[in-house]
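Look for chain A in each of the two complexes below; its partner is chain B in the first and chain C in the second.
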Partner chain A sequence: MILNKPVLCILPILAIVPIASNVFYDIHPGGINLLYNFFSSALNPSFESDVLYAVFNGLQDTISIALIGWSVSLFFGISLALITSDIFYILFKVPYSIKKFLKILLSIPRGIHELVWGLLLLQILGLTSWVAILALAIPYSCLNARVFSDQINALDKASLDSLIQIGSGPIQVIITGLWPKIFPVLVSYGGYRLECAIRGATLLGVFGLGGIGTELQLSTQSLQFREVWTSIWVLVISIFCLEKIIERIKDINKIQKNIKHFSVIGLIIISILLVISVIRLGGLNINTSININSITLPSVKSLLIAINNIDLVKLISQTLFISLLATGIAVGIPPIMSMLFPTSIGQDVIAKIYMICRTLPSPLIALLLLLFIYPSLSVASLAIGIQNMGVLGRILKENIDRNDKFIAIAFEKSGASKSSSWLYGKFCQQSNSYLAYSLYRFDIILKETAAIGVVGGAGLGWKLQESLSSFAWEEVLIIVATFISLTMIGESLSGSLEASLNNKKMQSFNPTPNVSN
Partner chain B sequence: MKNLFKTRYFVLIFLLILSIFEANKISAKDKLIISAIPDQNPEHLNRMYKILASELADQLKVSVQYKPLTNYPAAVTAFRTKSLDLVWFGGLTGTQARLQSPGSKVIAQRDIDEQFHSVFIANKKSNLPIINDPNDLKILKGRRFTYGSESSTSGRLMPQYYLQKAGVENHHFKRGNAGFSGSHDSTIALVQSGSYEAGALNEQVWKQRLSEGKVNPKNVIVIWRTPSYVDYHWLSQPNLDERFGKGFTAKLKDVLLSFNKSNPRQKEILELFGAESFIPAYDYQYLDIEQIGRKIGKIR
Partner chain C sequence: MTTLLDLRSVSLSSGSNHRLKDITLSIQQGEKVALLGQSGSGKTTLIKVANGTLKPTIGKVLWKGIELNKLKRRQKSEIGTLWQDLKLIKELTVCQNVNAGALGRKNALWALRNIFGLIDNENCRKCLQVACLEEILMNKSISSLSGGQQQRVAIARLVHQQPKIILADEPLSSLDPQIANDILNLLLTKRKNSFYTSPNTCVVSLHRPDLLEGFTRVIGLKSGEIFFDIPIGNLNKTNINKLYL
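Let's turn to the complex of A and B:
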């Protein structure tokens, strides 16, 4: 019983060992000054009117982009979820084979990170707000579709059947049978997705697609740390507010009592926000029509030459290495931290640190780390790991808070230390689902390496940047295809691993453990 | 219901924040969109291009808007997709953009761009010696070395060209590849901190940072200066005459070339650009850059 489940869950922390041993020898004092400057600027952000104006402007652009992309992805997510759910094929008597085809089709856009979508769409659409919006909307629609259709499929079929039996039409079944059951999930997962969209839009900004990410990147690159912190604080505060709003809306019981009311009000509010966002982005140039700029597609011959020239094996192994260690950090640290600091003050402080970690785009974390650590793959892992730790830490905490505390209290009363009562009383109930979730996280992190390659000049992410800046489409095509295949393999692997870990608790963990960002 | 109202309250605040700064709406009128590759700190670029935009607007009688960018290839793409009208490009990015947008015109360069240089800098602790013979760049093998942005002429293309000439490929550096810091300023910071032992960057930015006291000459030294090459230039879209009237491109060129230091605003612009004046520039000057770009694989 040494390898009981909570311990198994903490095992990923072992990833710290190679990283720590690498990084330990690589830390050097040369960047201490800069690092000190960075952290002391946290308390002394720039309040110059120019900076504030630019940051607020950027924030609004980012939020507008995120909102539009998110609403579009919700709409398509729900529609696509319906036509890929089992019930649809029963209701409308459509051949089942279409469903399989659709599911495979939808998994392709999902395999590409929104950043990669952004960089590709930029090549076709030029520098318009549409690029960022579509870059978010396309992969998110497919993610949402998968999550919602899983939820629909998990519903109790009997009640739907009885609706069909009494002669309700398909639309009626959907509205009266499905909608009320799906709506709470829609609210909680949808709300979470909006937050992802804001983070995604920020990252797109870091790569030049406008908004606060652009400000953040520009001031980081020129080491204007006080301005960097202005952006960070503004972002942290807005995400904090957003989380609070969502938390309030999320109260499932309240929603279930009044679904019609909530649906209508939600729709109205989203429409108002949408209109404002569209105006904000200058009407999105709808009337000037989108210019589609053709890029000459590479020939088969040039593709073959490119495959020969790219050292795919090396790039893939570097990418997998970065992702594995990053996942280890992201998964392993949160439970350990909670165990070390089980007091409520400790938890609060940690929660705030997580929040800053998940707000910072990973390329910026990487640049900061590089100031005092010699460049290596470990730095890249650390950067992505830290950002994802911020996400996982929060999810873990939310799920533990939702559980009952009696077992932990019982442990404590029986004389166990606070740490071990946290481990055995609280974490134990969650460990299986946490581990299953971690497997999914690996996939997300794999996609995210696209943002970080530049650090050590390594991995697929770096090669993608290099090929894009050389406008070598055949290479870009190969790398994107590689990314898609890797994430698809990862998805099926983690799917089967999850199945073997599966038990009832798993489903109680985070309504939608599989896909998030 | 009480909680519902509270939620609404939150949403309203959210709405309010969104609309507070709603004032600066763009009109539908045709504008000359100018931009630049992000080779310096944004504050500097913002100041520089805002003054330039108003000077151009006054002289050309059209409205001019500056659009900041954060990434070099995005500038090339945005030019190709006609999102930008007049862009301050580096040698490599300008050539990439010109080859991708047939008909675009090289308008002007600065006096210093005819003979531009990169510098190789090193952290003192690396004990790298001053290099006199370019073949001695070999000593950088096995060291931690960083370029700037992957598309930078002075921060990557020319340094890599001279390194290759001396027999140093990127995989010869420590850990199998050179770094790409993303900007000249980051290169200075990363070499100064010691994370990279050496790096290469734009000589003009280096000199500016030295004079501003942002570099500690006790920590970082110049170990080599490249021979001269042509760099930055203004590139304009082929359709400006159609959009803004006949002879617009020529007029634009004349205005840029007429900048001199006796006019206070023009003086400020030139100083921010680090130049005495703008001079005419021509496509053929960039043939070498094109060739080197092809050799290194940045132009296909």
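Let's turn to the complex of A and C:
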């Protein structure tokens, strides 16, 4: 066997073997019936007025939470990006060591999944919409900061240098030299993060923080599958509309020609939506349930006792095992699916399936799977794998659509089947960048195991939930630190592997969503 | 003689730009046709229309009397194309690229097995032999080969396809004279081994009129129209000068 890049992209599908064999034995009595009821309800969602009212009400809450969290993260993301970019240290003559320190500092909140932030903040702020908003805003600000600062650093510095040389002040350089170049990226990546924020807000809702996620969770637990599908379809249609709007807006040429208009109109629209969202969520009332002054740092001794109690090695192994299997599914299935159904109708159907998969938060997929399968590591892997398959499938399709189709046509005209033409003429060319993106995706999946663990009864996430419920703060601290360490190790490993793939000077994936969720 | 390829009043235009204008020609079995013309005269477009990758705006293209879009997979594989940019897959090895020539006769599972390197190399070896390539290159990556070697891999892939006609689009551009002669020789000389009998019909587009030895017929294209279509013996300097004016 030859381990070339196309093979490395397809081989992970083997993860399906252990998952399928486990899941097959874990289906519980009555599970098949529930499964049938669930899927048959897809075409028969509930249209009862009280259900529709609750769903649309929930959707408005989710969008409000997402919008506020996203706006805050965009503001802080841009500000932090500026002070962690090379140009800032040249313009303001600040010592460079501060940049390194800030970068390390920002990687810590970024390493914690928004759900973990949500669970931690819930303990401090009590049940309020602001928990969800901050849970989104904190990690997203740091993510945005990294992406935007990378983009600023990648800019051609020549034009900025010429502005500095003619005596322009730092602010003038930023406004006239930097802003026009970075603005299209802000629109493109910022739009993408709004989609992520809506998904994130839905996920937080599944854990009781309000919005359509809460509706979904309640309907799922009470086995009201028709209501579940009402929420799913509303969510899918909303995300679809948003994707289409963003697709239209993010035409870079159009933006660059009308930066002034785009900036002003964008700011006005965001401000109006923000005001509506804040009003909708009932203003800024934070009821702190914990006296922050009473929090004391744990002693070393108590931390050591907590480490002994946790069985960290087992939990880390479980977390890595879930992540690896889930990555296998997410990476391996899209190429095989596209190869099996290469016609345009087949590709459209697959695209719709991916859309549903990526719209549903993985804990919700896990909850649905748990209706007919006993909890296990395989269920957790399957849930994360399905959700991320939706993301990777979309990225693969978009990149293949953008690429030269002529090689595939040439294969087809020489008699090759549509499937073989897709494989040789389209996929092989994309395998390098698909592999690079998959490595990056492993980091995201690693973070998501925290969320899935809470539902699926496995890994560090499950222990975190337990420790939070029993107010074992030392354990919480250790688990969160472990998560951050795992994410940082994963990021640096996949970063160097990615760099080695990109060094081969092949076309890389869409430059903007390098750090996504 | 059997008519293999038949172009009937074929025109192709994109917007107001006429890339091919009312082309009618047929290629008989055994003919070795050289397509001459300046850059932009329509040589590549004609090759693409003839192999079905471009659809004519007006007119029909027939392969053995059947319209190209009605051909079955096996029939499509009878038309082999040697592309100017070769269309080799950089991510795969030489052997996997050569095997890709057989995709017209094989199913998707075979295609997947080839990607995984699970196909017997025997046929690939024979194809490399026909294309005068050393066996040692079989597991090399495409990017590690020279331009001439890559050209031979593309020919070996054609050999594996076993076409009845070869349409070659500028196969000699960017090759030094010695390699260009070798490649032309490969395309025009009858070759036969246990695996392969080369087709005795080909259409080769050329930008150099000094490489016409071995051809039986010459078609000159100018601004998307046939300027002349004559047996090689009737070609003279005047024709060529007028074509390149």
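Throughout what follows, the second predicted complex is superposed on the first by the 477 of 517 C-alpha atoms of A that agree within 3 Å, B and C clash if a C-alpha of one lies under 4 Å from a C-alpha of the other, contacts with A are read in each partner's own complex, and residues count from 1 in each chain.
Note that a residue touches a chain if its C-beta (ideal position, glycine included) is under 8 Å from a C-beta of that chain, and two chains touch if they have at least 3 such contacts.
For clarity, every value in this text was computed on a predicted model and none was experimentally measured.
Annotation for the three-chain superposition on chain A: chain B and chain C fit side by side. With both structures placed on the common chain, the touch criterion links A:Ala42 to neither chain B nor chain C. Of the two partner chains, chain B is the only one that A:Ser470 touches; chain C does not reach it. Angle at chain A (Cα centre) between the Cα centres of chain B and chain C in the superposed arrangement: 140°, in steps of 10. In the superposed model, A:Ile90 lies in contact with neither chain B nor chain C. With both structures placed on the common chain, the touch criterion links A:Leu274 to neither chain B nor chain C. Contacts of A:Leu303 after superposition: neither chain B nor chain C is touched. Between chain B and chain C, B contacts the larger number of chain A residues.
Of the two partner chains placed by superposition, only chain B is touched by A:Tyr374; chain C is not. When the two structures are aligned on the shared chain, A:Val236 is found in touch with neither chain B nor chain C.
Chain B and chain C never share a C-alpha pair closer than 24 Å once the two structures are laid over each other.
Touching chain A in their complex are the following residues of chain C: 51-53, 73-81, 83, 87, 89-93, 96, 100-101, 103-108, 111-112, 115-118, 139, 161.
Those residues of chain B lying in contact with chain A across their complex are 3-4, 6-8, 10-11, 13-15, 18-22, 24-26, 38, 40-44, 46, 67-74, 76-78, 80-84, 96, 100, 123, 125, 144, 146, 150-151, 170, 175-183, 185-186, 189-190, 192-196, 219, 297-300.
The touching residues of chain A, when paired with chain C in their complex, are 1-2, 4-7, 10, 339-340, 406-407, 409-417, 419-421, 423-424, 428-429, 431-432. By the touch criterion stated above, chain A contacts chain B in their complex at residues 28, 30-31, 33-34, 50, 53-54, 56-57, 60, 63-64, 122-123, 125-128, 205-209, 214-215, 217-219, 221-224, 227, 241, 244-245, 248-249, 251, 254, 261, 265, 269, 272-273, 276-277, 279-280, 282, 291, 293, 367, 370-376, 454-458, 462, 465-466, 468-472.
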